[in-house]
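Below, each structure is written out as structure tokens.
Okay, so chain A shows up in both of these, paired with chain B first and chain C after.
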Partner chain A sequence: MRAAKKTSRLGVFHRKDILFYCALMAYPVLQFVIFYIVVNANSILLAFRSYDTMTGAVTWVGFANLKEAFRMMTQQLELLDAMKNSFLAYFVTLVIGTPLALLFSFYIYKELPASGIFRVLLFMPSIVSAIVMVTIFQFFSDRAVPEIFTKVFGAETYQGLIENPQTRFGTVMFYNIFVGFGTATLMYSNAMDAISPDQVDAAKLEGAVGIREFVYITFPMIYPTFSTFFITGVATIFTNQYNLYSFFGDGSSIQTYGYWLYVKVAGAASQSEYPVLAAVGIFLTVIAVPLTLIVKKLLEKFGPSED
Partner chain B sequence: MKGRILTCLLCAAIAAASCLSAASCGPQQRPGEEAVDPNRTQIYVYNFYGGYGSDWLAAAKTRFEEKHKDDTNWEEGKQGVQVIIRNKKDAVMGISSQILANTEEVYFTEYAYYYTLLGEGVLGDITGGVTDPLSEYGETRSIADKLSAEQRSYFGVAEEDGTHYYGLPHYAGYSGLIYNIDLFDEEGFYFAKTPSDNTRDGRFIDQYNTEKSAGPDGVEGTFDDGLPATYEEFFTLCDYIADSGTVPVIWNGEDYWHYLNNLVQALQADYEGLDQTMLNYTLNGEAETLATLSGDTVTLDAPAAIDESNAYELARQAGKYYGLSFLEQLIQNDNYHNSLAFNTTFSFLNAQEDFLYGGHDGQTKPAAMLCDGVWWEMEAKETFDAMVSQRGEAYSKYNRNFGFMPLPKATEAEVEQAAAASEAGEAPYTLYDGIYSMCFMKANVAEWKKPLILDFIRFVHTDQSLVEFTTVTNTLKAFDYTIEGEDYDALTPFGQSLVRLKDASDVVYPFSTNQTYIQNQSFFGTHEQFRSNAGRGYQFPALAMHDDNVTAAQYFAGMADYYEKNWIV
Partner chain C sequence: MQTVSKRLKSSETRLSLLTVLLLILLVLYALMLVGLLVWAFLTSFKSQQEFRVNVIGLPQTWVWNYTFVFQMYLYPVFTEMGTQYVGMGLMFLYSLLYAVGCAFTATLVPCITSYLCARFPYRFGKLIYLIVIVTMVIPIVGSQPSEIQVAKFLGFYDQIWGLWLMKANFLGMYFLVFFGIFRGIPKEYEEAAKMDGAGNFAILFRIMLPLVRNTFFVVMLIRFIEFWNDYQTPLIYLKSYPTVALGMFNMANTRENGLSTVPMRMTGAMLMLLPILAIFLVFQRRLIGNLTVGGIKG
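== the complex of A and B ==
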């Protein structure tokens, strides 16, 4: 009898809360189902279909689109270039951007001089519109820098950093690393703030200060955050545009897969051009998924532990 | 209890905020838009607000509303018609899924793929409006009669009960070189009919030698006299201009690959002529200009039958090589162009400003030619207005002489051919209109309103409206109509030059009803015709030549390779 009463009270309470929770979550879940699951499922199916522009008829074409996508990805020079640039751009942002983001985060976490200003400056690009940031950066790179060089080094006319094909890639990468600091610094410094002060004090007593503290205490403690960033970065190798469209529209001489796909989809004259692009997307997924899982496994296996 | 009430209020607020996204549907007045008059029947018009502006549409609207001001037959209790113009910059292909739900009923837009929109079911049938003579406006021709054969073939869809029209062209979008006639006149940048001596400078007119050469059409006494007839003369002119301290050609650095691609496309079309250029879209016919390169020597192959299976061979059309060779010379010699020609911060508006202010503001170098489209005068409106308010009416576009330059021919032989064509009453020039402009009515217009909208479409395609479009914008509609007398005199000098050149030209509209073309339209798009496997692979020759010093010959060879390997059939 007592047990039944308890269940009954619990059931009433639970039911109302569940109803409320469902009502609240229904809309976002529906959005997720439609705009993520259905869209991606449709994209996968699209790779096996063809679409007639005139009649709207959809027919199954087996692996024809995949064959064409494979041919393009292995033979078209611009796609070979895009593959190379996708990995190169990721590698550059990983090798240069990640250590610097960790360093800046540690600096802010330790509340060293001007850390407040750093926090604002590094996060500013994330707040300001991307187009505005790109425009400011373009003017700085292509007008201000040549002007400075001319005044400092002499009368010769210098090309802008983006204008000059020799410096263009590096300049775009610099921009991407710079604007990427905001989110990374925020996440890392928040993770660092969650470290127990007792542990830090104990480490200090053992002589772990400065860089030693970072290596033996801070980094292991924020390792889950770091590995999340690392893993999601690998997953986006083929979707990251690196702001190329903001810089160059559809005429970028630097191509990554993320940029190429965006330009192709945006510029498609009809839906009949989507299936091959969807097939390219499948191949990129086939590359990205195992790579991401391998990286995850490696990070779990070889990363530092809290112990 | 309080917590629950607060939670419910919060949920209600979130739900209300979510519903706001649906609140923008329906005919509502937007900021800056004319208020809807509840006593009149509205027609909603979508106008792509690009270089051509909307003044032309405002002028047509005024006359149309006047014509219908006493109508009471459209909606009960209402008298008259109101045309609501919505100026937007959304590309129509990006909003095609919204057209049927949108309020706008008539669209004037560009870069519109007709058969794609038709296949998506967004285009309304306007056949009756297009094929019936415009007799109520005192005309004997129909709108269809004002189309070229290529346009009728493209826009006219063969159905069981005859040909149906679901769209019409809109404005003409030629690109090329705009030249500063005042500067040319002042500095004598014209070739003399008879050189004074054997030097470079002796080839140009001077105070003693004033008779101009025949120009690219090879005929004396025409509007192109004195202009460079061949590519060789053009670059001799550029050297001459550069030595005088003037910039020969100016273009924007922000988007130079597109603008220079347009120029190469224009040069190619002018070399190839209408029929040979159209092979690239019809994929059927005989190619007469396929070329093999040996060093710089171009040898034309024997004519070859072209069909869908081998149309990739058209990448070897000689006109494409000649256009590339022109571009190579223009890009590789820094004396021929402005210093910011490849600088991403130098926009098309900056280029137009420098072109207009050059030599007049004490700091900007004068520029002889601007690489741009025929819409440039409308885009530069603010600069013209600023110059007028600063310096007086002498600087208005009506008092400054600019011209749309007839492009030089690749070789002397081409000039002779042009002269022969002129004498035979044929066009010595070919223009390329790659802007895919379109006017259409959406498919789900209310039945009762269709006659009104069809009348509006007919109204804006009367000769009077077509001429009005030209007098307002100083550009052309992509139709056959005549501008003469007072209407011609009312144009700016640039507008007049455009009319003269159009009258002397065939026009390429780069589309066809070939099924392969229709199913793969962006493969044949304006900026897809010059892809190359040279070097690391390029879409735009200007990028290849500027970034990696790829030569025209290398690029041309790479084009043949690219299209053979990536042909879509």
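== the complex of A and C ==
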């Protein structure tokens, strides 16, 4: 028994344990190496290559793709718009969606009237296909809402909320917040359920009830879960499509980077279009990484204490 | 005991201004959501002629659009032999193969990897944990063209089994969910099994996996729904195997006569919505039950 036991820098282990560990760890590690490390390394290399459309021959073009990507990102109206909308959409969902998700979770956690039904309803849009929800919402906004307005406000003809360019962005944002409570509410309310009732009772004796209970007890106790969602949310600023492809296919007048990149990749006639997209991706990663790390540091520094 | 804790939880909070405001908001939310779905359901029973004059009311004449849409719900697949049309039956089969396979591999791999990291004292496990955290925090943008190239190189492109393998990674939130559970299982379970002569595989399959089977089931169900509803991955990676969701996307954008009307589109939406809604209503207690995730350190 002792002979089989070895001590190394890895710690105390058995040979059989090592074999078992390696056998089961082999596939996940290989998968990670291929579909994360190789894919991302290839993506960086792609930004320095060019493909001949006719022959598919590869040539190295130095920084040409990066220069072109930079020119597009700083001069093309479409991409300037995409940058603005990516941040704006993130900000809107953060400022409106996140507090609502937290407060709805609080309502469910406190098991207030009909909380069980609300929990199911808030989660329901998450299980329905985006394309189904969008199709229903889009036609409701464009056909049923004008009809309702006409019935309520008089005989005037109203334009649909998606059809109308002035209300389009706001309606799409409303939709994203409307269907976006599912996972967050689920995770927040489950985390709230784990709060010790003794702590809540002790706080109540000191007058922490209602909004004070939420601010001083509940929120600090679920802060780790909240910060996880917050940080991973920042990481999606340039990848979130905000359902634009489901709403408009490849013809949206509203652009975000997540949408723009998907449309370009899905519509690429050949791989000759990939290098510039990979170069744009590098620039966006260079912006997103420090931003995410700064937000993470700020959340750690200024977050509430559990004490 | 449970009743007492329930009473403690809700007492004093019940009538505050905050909860009344939240109740109003939640009632509005519920009315809107149910209203949307009811409107779509009712519209699916209207003819186009009736819909033109009766957009929001009950159908005056109930029309059965479902058979027509089921038969016309076709997706064009472009092959070397020309364009072939895939019907809804085959799309359901592709959806099942894609969603069940991907859900299984995408649940099994984080489950097993987190087990190894949580229960074995090797430093490599800490590295894997760190990788999960770092990849959650550090966003990589625009790597899809590269992923397509790698998938094509490996022969995974346009293959359902290829996507099973591509989705079988340990990265993401569910690794942390399983990790938390495996960490919380007392060591006595393993020690007792070892005393009875159980090996590592027996401990994993007879003790550990049964202990997490509820969570495994819930995660797999969530992922199944996610893959069943996903049309963007099949649009790029499964051009020869259109799924129902992709068919719905095609229908939502079609200009084809007969299918491009609002009642027909709502019928298509209902055909796709109803099976998932049924699964959700059956399993909703388990689905929205016990998943928790903590903070990310590192």
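Simple rule for what comes next: the second predicted complex is superposed on the first by the 274 of 307 C-alpha atoms of A that agree within 3 Å, B and C clash if a C-alpha of one lies under 4 Å from a C-alpha of the other, contacts with A are read in each partner's own complex, and residues count from 1 in each chain.
By our rule, contacts are C-beta pairs under 8 Å (C-beta built on N, C-alpha and C of every residue); 3 or more make two chains touch, one makes a residue touch a chain.
All of these numbers come straight from a predicted model, not from anything done at the bench.
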item	value
Fit-or-clash call for chain B and chain C when the two complexes are aligned on chain A	clash
Partner chain in contact with A:Leu186 - chain B first, chain C second, else both or neither	second
Touching partner for A:Leu66 - first (chain B), second (chain C), both, neither	neither
Touched partner set for A:Phe139, first chain B, second chain C, both or neither	both
Chain B versus chain C as contact partner of A:Ala268, first or second or both or neither	both
Partner chain in contact with A:Tyr27 - chain B first, chain C second, else both or neither	both
Superposition-derived comparison: chain B or chain C, residues of chain A touched	C
Partner chain(s) touched by A:Val172 [first = chain B, second = chain C, both, neither]	neither
Chain B versus chain C as contact partner of A:Phe104, first or second or both or neither	second
Contacts of A:Gly210 with chain B and chain C, given as first, second, both or neither	second
Contacts of A:Ile254 with chain B and chain C, given as first, second, both or neither	neither
Location of chain C clashes with chain B - one stretch out of 2-10, 56-64 or 74-82	74-82
Chain B/chain C common contact set on chain A	20, 24, 27, 139, 143, 249, 266, 268, 271, 273
Complex contact set, residues of chain B against chain A	7, 11, 14-15, 18, 93-94, 113, 115-116, 118-121, 253, 255, 257-258, 339, 342-345, 515, 518-522, 525, 527, 533, 535-540, 543, 546-548, 565-566
Sites on chain A touched by chain C in the complex	9-13, 16-17, 20-21, 24-25, 27-28, 31-32, 34-36, 38-40, 42-43, 46, 100, 103-104, 106-107, 109-114, 117-132, 134-137, 139-140, 143-144, 147-148, 151, 178, 186-187, 190-191, 194, 197, 200-201, 204, 209-211, 213-214, 223-225, 227-228, 231-232, 234-239, 245-246, 249, 257, 261-262, 265-266, 268, 271, 273-275, 277-278, 280-282, 284-285, 288-289, 292-293, 296
Contact set on chain C toward chain A in their complex	5-6, 8-10, 12-14, 16-19, 22-23, 25-26, 29-30, 32-34, 36-37, 39-40, 43, 55-56, 109, 112-113, 116, 120-124, 128, 131, 135-150, 154, 165-166, 168-171, 173, 199-201, 225, 228-229, 231-232, 235-236, 245, 248-249, 252-253, 262, 265-266, 268-269, 272-273, 276-277, 279-280, 284, 287-296
Residues of chain A that touch chain B when the two form their complex	20, 23-24, 27, 52-56, 72, 75-78, 80-81, 138-139, 142-143, 157, 159-160, 162-163, 165, 247-251, 253, 266-273
